[in-house]
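Letters A, B and C mark the chains as written, and numbering starts fresh at 1 in each.
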Amino acid sequence: MTKTPKEVFQARFGRRRFLGTALAGAGAAILGSFPRISIAGTKTVKLGMNIPMTGDYAPWGLPGLYGCQIIANNLNTDGGVKIGGDRYMIEMVAYDHGYDTEKAIQGFKKLALQDKVKMVMMLGGSTVGSVLPFAMRRKMLTSTLLPSDITPETPYLVAPCESHPLYNVTGVEWLARKNPNAKTAVIITTNDIEYGKQSAATYNAAFEVEGIKVVDVNFHGFDVVDFAPIVSSLLAKKPDIFCMATDVYTTPIVEQLFHQGYKGKIVSCTLDGYQDVIAKTSKEFVEGLTYQFPDFDDPALNKPGINFPDPGGFDMAFNKDHAGEWSAVAWEYPSILLNWVEAAKAAGSVEPVAVTDAMKADSSPPHTFGPGKWWGKELWGLSNAVVGDWPVVAINNGKARIQEFRSVYNWLQKYNNVLKKHMQALDLRTV
Amino acid sequence: MISPRIISIVVLLVGLVILPHFLKFHHQDFLIFLGINILVVVSYRLMTLTGEWSLIHIVMMGVGAYTSALLSKSLGVSFWISMPMAGISAGFVAALLCFPLFRMTQFYFLIGSFAVGEAIRLAWIYFVKPFGGSSGINNVPPPEFWGLDFMEPIIYFYLVLTIVTICLFILYRIENSRIGLTLHAVHWQAPLAESVGVDTWRYRSLAFIIASLFVGIAGALKVHYLGIVTPHQFGVGTMVFVLIWVILGGYNTFWGPILGAVVLSVLDESFRTFEALRPAIYGALLIAGIMFLPKGFESIAPKVRAWWRSSRASPSP
Amino acid sequence: MELFLQSIINSFIQGGFFALWAVGLVLVFGVMGVVNFAHGELVMVGAYTIWVLHAQYGTPYLWSLCLAILLVMMIGLAMERFLFRPKQGDPLGGLINSIGVLFILQVVAHVVGGTGPAKQVAPPYAGTMIIGELLRIPYQRLFALAISAVALLLLWYFLTRTKLGWSLRAVAVDREAAALQGININRTSAIAIGVSGALAGLAGGLMAPMTNIYPTMGHNVLITAFIVTIVGGMGSLSGAVIAAVLYAFLHTFVTVYVSGTIATMCGLLIMVVVLIIRPTGIMGKRVSE
């Protein structure tokens, strides 16, 4: 269960010395490379994370490291993983590139060549783009959260968990079914390509499929302090649905919607820190607000078929040590870690090429929320992204609740032409 | 009789040729970026000779990088042509900007150069065709020469070493030529220089154009190694680092900025384990540096020499 | 029409903030001759103070605001005493020192706040004022606008009607003459940066309930303050205020009807035009180089 900000703050500061937080974050990298006490006869396999741990993109890196450490710890306490006749302890090695392309390359090389990791997990976007030439030449298994990084020349790059932003279609589908009278929508997102434009194209396609007209799309820069003018200009179009295809700015945008008296529906990709949103608006205002990222103490995650062990326990463990730092990636990187473990077991080896082949050989690879399918050739020339089901989350009475799981795969099978059309309209790369 | 200075330079170069073989891969990368940054600071110093400090230098590096990227990726031009073109285009843009920018001096020039630079950077973000927006341009091809693999750090390092050494040599010669002396005069004795017919505006512009030309080449070197260019690489943050290297290294000698870049980059890398705290340590170093070594690291050398001389002169008991 | 009126209100509120940001920068530059690159971070510290005291510990907002003002003022005073005073006459040295402070303050924010998503402070004055059917102004923003206006008026009074304020202006105009008149330069510098810090802390505290709080939020503040200061005139406070409001109008309307990125580009280009045509700004006095 997530705590109030005050409890969060006191929990963190009560436990640690004043500097502890930073040192813990910095030290996570160091701690991650301390060898674990191992049972005699077991080996250690190192898995790398080349992620932003400081700077503006830190929320999409560091929480993932924390999540992986929890899962790795659990696996190791159970005696490690049995791969091909040996028992392996798992060790996470992280490198902070701060979303700087030069550092991303240096980090990747250090992880691959010096730490000799068997896989590198990354966030996605230009940092992945810069490491790909080296990564593919070395045949290093690399994971990303953005399938748009995948090209026919990247056989060892996979997107096994999040396939941003394809899953957003489920929220639109669900919202449209529940609100058949909604006719128009506006979209707000950032003006970069890998997150903003990709998301806008996906939402455009999703709305078109439901017969909803997108009357305005606003691409804003990363330097916006005050969203009042932008929200005003979007609301002037009198939309029935307000769509936030953005990550960092959801709180101030929803706050503006509240202040400007918006009465329609809201759908978003993420809504990190929704308690803050409620504090700034009201419980009534956010009732029914739809987005895509569940709290992990949601009982719906305990249904059979979910490929994540004990989500509730994970949520508790995370909030015990890292309260207030949960973000959408906190469970995604661990999910990829678990995928790796499964594939390594199937391959009987930890070597990147063997594990990749094992992953691809499975025609129904495990996805976090159920069985998945390899997909992507129609858009990017290579099917290295796993798509399956994805939860539609809505706020009910101040708490995020999964409404249902919808199939991203089915949507893509039917409508990938519509998506392609919208991607091309925004000059996004497609085959 | 070869001067000791030439001998020490040759020794240094030989050392640099051997060095990467003893280093790990990501340290080899570090050397490459350090070499490129040395070209950046030395070219910047040429501008500061006229007493003008700009905040647009790093954007000119970006102009060079984007030019080389576009030429080689979209038009298939070979690196050996696109690299000098990068320098030329940066110099050309600088020439155009001379007209508005050099109507201001000193503080206003600083701010004005920042504004223009930032506007150019925003243009790269806004105009997705052809600049690729905030994701920039990727898949920029590496150089080709005799089948050498320029994606190997050691090979690329030798490329950088060669080109940067040549550029530094040229810059050194410029500084010690008549042009260089005139630049000094424009800085220290502007009214006097004008009274003998020196057009200070022309010389300031010349310094700016030459500096931009060389930093444009540095930009090409960078983009063909990384394979990617984004607007974020050329923002105020990076420019601030250039300023820091030059000021802390000292800008009274040719070697000062190089010293600054090397020392500070090495220090920055060695604090990697303190990742989250690193900027604070860096900030503290800056303050310590400017308070205790106001004339820069280069001022240590004369002090050491003086101490050495005085300790040798004193009679032994 | 509704959008137009709403944009006017938004512009005034933005203008109040821009003015607070810029005025602090002008004060320090005018009196001390140094550009304080850490000015944006001072505003950031003000915002974080509210987050810690009010959002985390529950201290009432107004008390937290006072403490924010006090804290940033003291940081400013410390900067003057230890970093700027030894570098009097060396603007590059002062600049480097301020950059050092910039880095340090950003890391402090990281340590205090952790690396989660941006911090949020729930507005203490919740609710929205609705005028007719057209205009909606959140009470928090009205409060911010009112306090900004009061602060600027107090500053104006201080500078034009008090002896201390006159001594600040004297030092800004001619340092040596002021010293010859017996004005204590160090004390005047301290007062200038103290006031600058107080204004920055106030701005940060007012912004806190209205925006994302994150360690690098000072970057935008600095750039905007620069644009406004140059256009208004580096030595002129009234120029800065007028330029702040004008720039806020320009930025808001261009953002609404075109795009936010174009708005910032326009601002930068106007700055360059002003620098070329009239370097001392709209209302600036001649600043000796």
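Throughout what follows, contacts are C-beta pairs under 8 Å (C-beta built on N, C-alpha and C of every residue); 3 or more make two chains touch, one makes a residue touch a chain.
Worth saying up front: this structure is predicted, and the values here are computed from it rather than measured.
Q: Which chain pair is joined by more contacting C-beta pairs, A-C or A-B?
A: Most contacts of the two pairs: A-C.
Q: Which chain's C-alpha centroid is most distant from that of chain B?
A: Most remote chain from chain B, centroid-wise, comes out as A.
Q: How many angstrom lie between the CA centroids of chain B and chain C, rounded to a whole number?
A: Inter-chain centre distance comes to 33 Å.
Q: Nearest whole angstrom, what separates the Cα centre of chain A from the Cα centre of chain B?
A: Chain centres of chain A and chain B, defined by C-alpha means, are spaced 38 Å apart.
Q: Let me have the rounded angstrom distance from the C-alpha centre of chain A over to the C-alpha centre of chain C, please.
A: Distance between chain centres: 37 Å.
Q: Where in chain C do residues touch at least two different other chains?
A: Within chain C, the residues that touch at least two other chains are 107, 110-111, 115, 219, 223, 259, 261, 264.
Q: Where in chain B do residues touch two or more of the other chains?
A: Expected reply: 125-126, 276-277.
Q: By residue number and range, which residues of chain A touch two or more other chains?
A: Each of 22, 25, 53-54, 191, 221 in chain A touches at least two other chains.
Q: Given the complex with chain C, which residues does chain B contribute to the contact?
A: Where chain B meets chain C, its residues are 53, 100, 103-108, 111-112, 114-116, 118-119, 122-123, 125-126, 236, 240, 243-244, 247-248, 276-280, 282-287, 289-291, 294.
Q: Quick check on the complex: what are the chain C residues that touch chain B?
A: These residues of chain C touch chain B: 35, 37, 83, 86-87, 90-93, 95-97, 99-104, 106-108, 110-111, 115, 219, 223, 226-227, 230, 234, 259, 261-262, 264-265, 268-269, 271-272, 275-276, 279, 287, 289.
Q: Name, in rising order, each residue of chain A that touches chain C in their complex.
A: For this pair, the touching residues of chain A are 5-6, 9-10, 12, 18-19, 21-22, 25, 53-56, 58-59, 62-63, 191, 219-221, 223-226, 228-230, 232-233, 236, 248-249, 251-252, 258-261, 272-273, 276-277, 279-280, 324-327.
Q: Could you list, by residue number, the parts of chain A that touch chain B in their complex?
A: Going through chain A, the ones touching chain B are 22-23, 25-26, 29-30, 53-54, 96, 99-102, 105-107, 109-110, 113-114, 125-126, 129-130, 133-134, 137, 191-194, 197, 221-222, 427.
Q: Spell out the residues on chain B that touch chain A in their complex, using ranges where they run on.
A: The contact residues of chain B facing chain A are 24-26, 29-30, 33, 125-126, 128-129, 132-136, 138-139, 151, 226-228, 230, 232-233, 273-277.
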